[in-house]
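Labels run A, B, C and D following the written order; every chain starts at residue 1.
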Amino acid sequence: MTDATTTPSYKYKSASAKTGLSRRALLKTGAAAAAASALPAPMLWAQNIKDITITHIGQSYSTIPQIAEKANEDLDFEVVMQTAPDTTTHVNRLLTQPDTVDVTDMPNTNMKYFLGRGVLMPVPVSAYKYWDQTLSLFVDGTYPDGTAASLEGYAPIKSQYWKDESAQEFSLTPTDYLVGVPMYYNADTLGIRPDLIGRPIDSWGELLNPEFAGKVALQDGVSTGIADAAMALEALGEVTYVDKGNMTKAEIDATIEKLIEYKKAGQFRSFWSNFDQSVQLMASGEVELQSMWSPAVTEVRTRGIECTYQGMKEGYRGWYIMMSAMNHLEGLKRDCAIEYMNWVNAGWAGAFISRQGFYNSVPDNAKEFMTADEYGYWYEGKAAQGDILNPFGKVMEKAGATRDGGALWDRMGNIGIWNTLMDEDRYLVRQWQDFLSA
Amino acid sequence: MPAAQSAAPPHQRQVLSPKVASWLQVAPMAVIFTLMVLIPLAIIFVVSFLDYDFAQVFPELYLGSWVDLFTSQLTLNLYALTFKFVAIVWVVTFVLGFCIAYFLSFHVRSGALRLLLMAAIAIPFWTSGPIRMVSWVPLLGREGLINQALMGLHLTSEPVTWLMYSEFAVLVAYINLLTMPMVAAMANSMAKIPHSVIQAAKDAGASEGQIIRDIIFPLIKPGIAIGSIFVVTAVMGDVFIVKQMSGSQVNTVGMSIVTELNAFMYPPAAAKSIVLLVIVLSIVGLLLRFADIRKELQK
Amino acid sequence: MSKPNPRRARPLSFYFLAAILSAFLLFLYAPMACVYILSFQGPTGGMSFPMQGWSTHWFQVLFSGDGQGVGDIGNAFRRSIRLAFVVAILTMAISLSAGMAYRRKFRGSNFVFYSAITSMVLPGIFVGFGIALMFNLLGWRTNWFTSGIGAQLTWTLPFGLLIMFIVLGRFNPSYEEAATDLGASARQRFTQVIVPIILPGIIGIAMAGLTSSYEETARTSLNIGTGNTMPMEVTGLLTAASTPVLFAIGTITTLFSFTLVIVSLIVMSRLAKRRQMRTAA
Amino acid sequence: MKLALLKTPDTDLKVSPVPKDTAPATPKLKQATQSHRFDAEIVSVTKRYAPLGAPAVDNISLRIPRNSYCCLLGPSGCGKSTTLRMLAGHEDVSEGAILIHDREITTLPPVERGTSMMFQDYALFPHLTALDNVAFSLKVRGVAQIERRAKAREYLELVQMDHLAERLPNQMSGGQQQRVALARSLITRPKVLLLDEPLSALDPFLRIRMRAELKRIQKELGISFIHVTHSQDEALALADLIVVMNDAVIMQAAPAREVFETPTNAFVAKFLGGHNVIQSKGREVSVRADQCHLGARPGMNSLSGKISMIEYQGTNVRITVTTAENEDMTVLMPALTYFDHAPEIGETAQMSWEASDEHALAPM
């Protein structure tokens, strides 16, 4: 484990946080508090909170035993983690069994499924400690320079705020209630095998270049696959979109028609549906270029296989994971859930996830738990001074390496499309099947 | 329960009538299927007639899922491919399964060797599915062993790409997995044929082919039926193998249902599931007409 | 049964069929062999050939959890095994009981049989979703020992029933008639005659139940409650990791299944031997 | 080796009339016509299952004359079934040769041997009717359906099963199945019919009826039957030639009467029953139990012992005398004679016999 050496020793619970919470707890647990008024307040709080268990179900990058271990060390209640095997199980679980979950982290594109379901808790902005330090991209949808970020696809701001406490509708402008706490995000692009291609690749259009027929892969799944394809089709000028992240029926038809042509011509080798498949396709030489995730590219490279991850001129495909709490939470447990969400962005966990190649929404906090070299490499686009290790202590990059695409805003500031769930999803899913059947 | 535990001939004193005994014996299974399969199935049936959007189903009558199912070219494409898989896999596993079962039952003379070979055939069946699936790439992939061998022998200059992520790959994985149930079911039926019967047929001058056609084949019908039920239901219900081996590039009925379920579009998935179910049950019904496996049990 | 004979030549069909069987075994084991070999891939190696040296590195990674995110494999494995054993025993008991029922004609036999086929055919995710939805509608909480076991039984029981058909189809009823003639009660016939004779088949059902429970995800994942089973954990792992660790898991799982198969084979042959000795005595 | 010479069969035998609606011409079922010396001949045959193991059949030779009913008799494990299976071609011969109608068939497949085997479990094809079972061998030879069915019906008539022609095996009784199996074996017109314990699965009443039937059919067809049994009654009742086997070798092969009256050794005498094996004047002799008397008689050989058992058998009474050496001797006397004296169990008694009734046994 490298944490011990790379992170300063840190005790999370500040005295103020503890008393602040205990005061609220006292107010809420009126009767019990009155009965126990003879006892010193912090004792009672500690006693009550010990029996609380917070169940966190989420993505495999955030539900890691090491993080759970650290959370349990820092917090007085218990945190139990479960990795959702896939999005379908995850969403279905939240919808059909909401009370078996307390907090969850998931892509913001899923949020549409929760509209009007009353499953997710509106998180008061006041309860989240780091909203002030959170990047403006999430707070009001702007880049640090004040310009508005791309709204093509499902931009973070589209499901960041509830309109009001009833949590029935999203708001594009800031309100007092968060749909969830921003967690991590990244800018994806095409991973390529320079050794096999031998020339620069700078456009998503290359995904459909007949030169690479049978040597490209798309992401499996309707809404992710279509986003990659739309970037390519738009780059080639074959289809024009008003918003390629939210197509009209006519745009969907045009897209599918083109894709069927390409499929029949044997353009696609395979579709990948998880990290492992994308790595295997790339590392085994099945595919020479495909849209990839940052850690997958790193994984390919650690096998000694060249793989680059440069930005394309049309921009990156952005994505964003947020953490929400469930609406069934009450009283002390609700407070604990919020406390846990605060802990997650307090820095330690953010640093842990950053070392996997993703950005944290409160970089200042994460920075505290990373060495200058680490932060320089992952966030600032600087050349690594020493070896860059992953959170489990394995060497990811040798000294001297720089991150493909550069610094945080070089990458996140150039989003061509956000991962998406279109309004015409129903129509798209139907047409997508014709594509698969072709 | 004890009185219910076994079939008793009529002259035996009985606490329970045989019918009641049967009901009691089958009750646990019936309860589980009713609770865990039929009630969900009823829900699925109702859902197929409802309107939907974004993981929600609205309590409004909507026939679109059914209309699309019965009128679209997609349905035809899906079933054409699914039946193509079923037909090819059935024929190959049947022929292969018969050859192997016949060889083991009538050509292998040592009982120990027969048991060993049976175990060898059965054991890979117990390996985890996902792991068995990832194992095909190093074998059939562009840089896989077979391509390396083909290119090493200068049989091809370019890697053969249709070995993996293709319909061929799907078929290979199905046959790899489903030959074993066919072998087991047929070998089991063959083991019931007394050797003297085969000997008698040989004495009568029947050739090996005639013995297979006139004696073995009619006598292993129940085994063929059970093996076929396994194969047909496995292929028609499969989503996993077809997804992994085709790289999600072919669309069968099962894949289509899963695509819709993954997009939380329950009504069309429900309608497709029900049609699929009706078709499979009809095929099983036909197979049982060919050989009623249950009648064998009743003496 | 004919005995080996130097003079009577094997028919041509023997060689032809032996060749088919050999080819089939090669076909069956080739991908498996890839898994086993690649699990000993060197530390810098990947998921395909060529091998970058040989090592037990990936097994060490799997067991120590060092240097790689391998999730919560240990706990997931324990959960899966616990669930698999319960499901195996239930599958065995319920299928045995139901199989006995099918030795007579009874009203409703078609109902149960086609329910079993239905259960086998319905897409797993749908069954799982339906069960979760039903629990939700009824206000019950999903749990590994209620909805989890129930969901898994919908997968294992149809196979159990079909295997029972195979097993009982081979059972010679005259043994039972003989026992009846000798004055055995229904219970005695069941415990003293039927069960010992079909025991290998019953163990086979338990084995099938054990392995298919261990493998199942589609029906289980929504109904297991908190705590992933092994295949769920592996699937989750695949969204974040890609190393020969997976092949190491494959090799270990195979070893585990092999051990189970071999142990049950030994148990069965012991039982058979004991029976032989008893009859010889 | 003694050979039983039997009278050659009389002229052709007509079979019971065929119903009018089947074959136009009444067929002749008589099968043995050519001239040859022996129906079957076994020459120095040895069978070993393991290359160096003890032989299951050890260098036996046997000649079965034309048109004989031959019974292979012996305790289980004596090699009689193996011998039959070697005759049938179901078992390979390790050493030696087998001839049928003077032609060597040692390594020929069953169907080319001119033998036909009737299995102990009948081995009827469970999915075929009685008629189709019988017609099977014609079917595989490509005989047209009408023709083969007509032929099969004739053979069902021969075994009196034509009324159940359309039944499946599991719809028939054991005796009926056996008749069908017999018809199925005969339709191949074998030169020698091999029967493996054919009567053992039948009840005693059926067994006696069936054995008469077998004898009738054998005589009617004029071929040889080789019948394996462990029942001496069956062998004595049926056989023209009895072959007694023990421990992989032939003890005696001779006509029934000769075997019974002059057993070659103590084993044959004991196995057939009805004999006392006695040490008389330093040699081993056998004396038929019905030629022994109770009570000392002048001029006769005798021994003494205690009466240990008395069995009333209707016409005869069987008295067991146990000697001081604890050997059981049997006296079979007419019931009338017995009731004159009515000796009782426990009495000391003398058993006597004429020296001329002694039959010297070969040492084993």
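By our rule, a residue touches a chain if its C-beta (ideal position, glycine included) is under 8 Å from a C-beta of that chain, and two chains touch if they have at least 3 such contacts.
Since the model is a prediction, treat every value here as computed from it, not as a measurement.
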Interchain contact steps from subunit A to subunit D (minimum; 1 if touching):
2
Measuring between Cα centroids, which chain is at the maximum distance from subunit C?
D
Check B-C against A-C and say which one is joined by more contacting C-beta pairs.
B-C
From the mean C-alpha coordinate of subunit B to that of subunit C, what's the distance rounded to whole Å?
15
Using Cα averages as centroids, what's the distance between subunit A and subunit C in whole Å?
38
Whole-Å distance, subunit C centre to subunit D centre, using C-alpha means?
53
Between subunit A and subunit B, the Cα-mean centres are separated in Å by 40
Which positions in subunit D are in touch with at least two other chains?
90
Which positions in subunit C are in touch with at least two other chains?
2-3, 47-48, 125, 129, 133, 235, 238, 246
Within subunit A, the set of residues that touch 2 or more other chains is 86, 88, 92, 276, 280, 284-285
Residues on subunit C engaged by subunit A in the complex (per definition of touch)
44-48, 52, 65-69, 71-72, 125, 129, 132-133, 135-136, 141-142, 217, 221-222, 225-228, 232-233, 235-243, 246
Provide the residue numbers of subunit D that touch subunit B in the complex, in ascending order.
88, 90, 109-111, 115-117, 119-121, 123-127, 136-137, 139-141, 184-185, 188
Could you please specify the touching residues of subunit A with respect to subunit C in the complex?
55, 57, 59-61, 64-65, 80-86, 88-89, 92-93, 96-97, 99-100, 274-280, 283-285, 295-296, 299, 302-305, 356, 391-394
Subunit A partner, complex, touching residues on subunit B are 52-56, 68, 73-74, 77-78, 81, 134, 137-138, 141-144, 161, 164-165, 243, 246-251, 255-256, 259-265, 268
Show me the residue ranges of subunit B that touch subunit C in the complex, using the header's touch definition.
2-9, 12, 14, 18-19, 21-26, 28-30, 32-41, 43-44, 96, 99-100, 102-104, 107, 109, 117, 119-124, 126-132, 134-139, 141, 143-145, 148, 176, 179, 184-185, 188-189, 191-192, 195, 208, 222-223, 226, 229-230, 233, 236-237, 239, 254, 257-258, 261, 266, 269-270, 273, 276-277, 280-281, 284, 293-294, 296-299
